[in-house]
Amino acid sequence: MTTEALFSYAAAVLGLAALAMLGRLVAGPTLADRAVALDAMNTLVVALMIILSVIFDSVVMVDVAIVYAGLSFVGTMFIARYLEGSM
Amino acid sequence: MTGNFPYLVVGILFVMGFIGIIFEKNLVKIAIAVSVVEAATNLFIITLGYRSGGSIPVWTMAGGGSSRMVLPTPQALTLTAIVIGLATTALMLSFAMTIYRHYGSLDVRDVRRLQG
Amino acid sequence: MIEVLHLSILVTIVVSGFLTIWFRNLLSSVISLAVLSLFISLEFFYMQAPDVAIAEAGIGAGLSTAIYIIALRACGRKQFRKEGER
Amino acid sequence: MKARILFLVSILVVGGLLWSGLQAVHPFGEPNSAPMDEYFIANAQSEAAANNVVTSIVFDYRGFDTLGEGAVLFTAVISVAALFRKRGQH
Amino acid sequence: MVIFVASALTYLLLVWAGGSIEWLEVVIALVFAGLISIMAKRWNPELPLRRSWLNPVRLVRFVVYLFGPFLVALVQANLDVAMRVITGKINPGIVRIPTGLASDGALTLLANSITLTPGTLTVDANDESRELYVHWINVTTEEPKASDICGTFPEWARRIAE
Amino acid sequence: MNTAIGILLGIGLLFNVLGTVSLYRFPDVYTRLHGTTKCTTFGSLFTSAAVVVYGLTKFFQGFEGRFVTLSLHVMVAVLALLISNATGANAIARAAHRSGIMPVRAVFDRLAEDEKTMGRRVS
Amino acid sequence: MNPLSVVARTVCNLFAWFLAVFGIYVIVHGHLTPGGGFQGGAVVATFMAFLLVAHGGRKMQSWVRKELFTLMECVGLTIFISAGLLGMSNTFFFNFLAKAGGLFGSTVPLGPNPGALNTSGTIALMNLSVGLEVVGGLSMILLYMFSGVHPEEPFGREETGHDR
């Protein structure tokens, strides 16, 4: 089994895990649960982007992962700020 | 395996956004539905330019044989469309905030003067 | 095997787009819109468009959520509905 | 009630148009022919001296689009600023 | 000053590709580092940087901490959480621990380390009495010390970022 | 090389899947935060470590500069991910506590008691 | 309006600085790596968002001045249009600096290459100007939209329950 095949199996499992997290987004009894689901999905997608840049054999695509890791943090902080009602 | 499923996804997303624009009564919700339609159109344009097995249209540090690239023109057009989308969303939300301050409500049925 | 990933991304896009229109609570709707933007960005990444993926990640996930939440703070969270109507 | 029926009819019309349009589109991953894009890919390095083909299209070959985009962003920002300007400011 | 050196170094780290660096990159790094330091001083006067953070001994300590006790605690944390996910046995509570750290950077480092290590999650911080409120998944004592929860982490935080 | 990458990827995927399961098995927000923050951060750390191992191996095979860039940028992304995840979990927990969600099956809750005695929010 | 806790405030300060550096990297390397004026400008503009979310609006609005962002946007647009007009001897938006020698004027080898910074003529210049414009515009949008929020109005708190 080549290395690219290993990475593509890992990418498929990560994608299915991210799909499974949507259930908490649908059924979360409180708004904080939905924010938790969004946060977990952000982490998974950053890992997925790093793995995909190896599969596609293009080094410069890792920049997207760094940008996403930083900017999803802004979104999470704004949502938390709104939830605690002190904006 | 996927076939023409991406085009179907674009169609479903567009119709859902359209339903949201028509049936929703809250102004902020209408803005959210417009954002969904924008996402659908951007996805459609990028999907038109995809070549299976192609590489990114960047020559820097590319791998060995990157002669077959995806089409670059749809990406360039989508790039400007995204920034314009943010500008129009900000403008819509600003109008919604002004309307809420004047009328005390966001329901389009309460804002009588907006209806034709 | 990479097509399983593509299928799961597409299914997630459809489900989160549906949730965005379906939720009544506006903050839930905004969170679903952030998820939709995230997976649209991942789909751009899959379709070899990293320029557009950076733009969508930066604008759709960061700044767009920020201005939506500022607008919600100014306007209130619930949707306004009258009795007996949809 | 009449309005909702009208809305439903309009959604059906839009959905039908989309469906008929999607029948005629090329299959996913195989564009038919793209001489313009082939030209850009082949000549971006020698003409515009840029490695990133997308940036060379945005700023060189089709710079008018970017000019229009800048104008739209400028107009939107000025409109937002005019909406929320306080009395006595500026 | 701190922000000037740090941003120039970060920029050069980002552009380094194994070989040498062009002179134009160095010029651009210096120009934009100056611009960023003016911007940060003007628009963000509460930036908590200290000049002692540029001390290379502290950076080496930070790397050692990251790959030494922190990684061990991270592995323990994940095995612990994995056990609790499978068995579903919890006994939670929110406790208060005193830290005694003076600087904001050290407190932040400690709080983030606590969040990523076994069975604990920082909920809130009191910045006057320097106490942390921690959600503990398996409460054993009523009034825990800092060493009960996070081991030698406060000592490391004091030596790195104080 | 393949076995090392396979082992690292296996550990990472195991923990990521455990994080997904913990989102469904735990009863309230705080315990879910425990599960998702720790497990997904740890799993992403290991999958990224696999990528770093791949990049370094390729670099020492052919001495191409682009694999150094790959490893460095992956390390920067992982560091950003560590810091932002921990702080995001902290912010969400604080917001949940302030918006009135109490921990389920808690033995005691020092934060709420202190807020009641002080009559205001801490910090 | 009150600031967040100590932990979140410190991390937001550090992250704002890091993302400013990274956004400048994206802008300057726009003709080599994915990125460019729009994306890098959006990344740098999150500096304002971080300050807004970490310190609250009142403290931040005493630190920054909105006129500066207006100036940045106008200057960026002016440089962009004049860089287009300077190539007017051939056509509008003609890339007159490419392969002309000097700064930004060296040639590029065909095919995959590691990439050199001083290439691509006016494209690098236009990246910088568009980045300046986008930073000014998005920061102004954030600041003015936040100044439309009235903090003295009561914050409606409903139950955080299951909807639908």
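The first chain written gets the first letter, and so on, giving A, B, C, D, E, F and G; residue counts start at 1 in each chain.
In this section, a contact is a pair of C-beta atoms (placed from the backbone, for glycine too) under 8 Å apart; a residue touches a chain by one contact, two chains touch by 3 or more.
Please read these numbers as outputs of a predicted model, since none were measured by experiment.
Listing every chain that touches subunit A and subunit G alike gives B, C, F.
Across the two candidate interfaces, C-G and B-D, the one carrying more C-beta contacts is B-D. Here the spacing of subunit C and subunit D, counted between their Cα centres, is 19 Å. Subunit E and subunit G have CA centres that are 28 Å apart. The mean-CA centres of subunit C and subunit F are about 22 angstrom from one another, to the nearest whole unit. Contact with two or more other chains is made by residues 2, 5-6, 19, 47, 49-50, 55-63, 69, 75, 79-80, 82-83, 86-87, 90, 93-94, 97-98, 101 of subunit B.
Residue positions of subunit A touching 2 or more other chains, listed in rising order: 9, 14, 30-32, 35, 56, 58-61, 63-64, 66-67, 70-74, 77-79, 81, 83, 85-87.
Within subunit E, the positions touching two or more other chains are listed as 14, 17, 111-112, 122, 124-125, 127. Put simply, subunit C touches subunit A in their complex at residues 1-2, 4-5, 8-9, 11-12, 15-16, 19, 25, 27-28, 30-32, 34-35, 38-39, 41-42, 45-46, 48, 50, 53-54, 57-58, 61-63, 65-66, 69, 72-73.
Here subunit A touches subunit G in the complex through residues 27-32, 60-61, 63-64, 66-67, 70-71, 73-74, 77-78, 81, 85-87, going by the rule given at the top.
Put simply, subunit D touches subunit B in their complex at residues 7, 10-11, 14-15, 18-19, 22, 25, 27-31, 34, 36-37, 40-41, 45, 51-54, 57-58, 62, 65-66, 68-69, 72-73, 76-77, 79-80, 83-84. Residue ranges of subunit B in contact with subunit D, taken from their complex: 2-8, 11, 14-15, 18-19, 22-23, 47-53, 57-60, 69, 71-73, 75-77, 79-80, 83-84, 87-88, 90-91, 94-95, 98. Residues of subunit G that touch subunit C in their complex: 26, 34-36, 38-39, 42-43, 45-46, 49, 52-53, 138, 141-142, 145-146, 148-150, 155-156, 158, 163-164.
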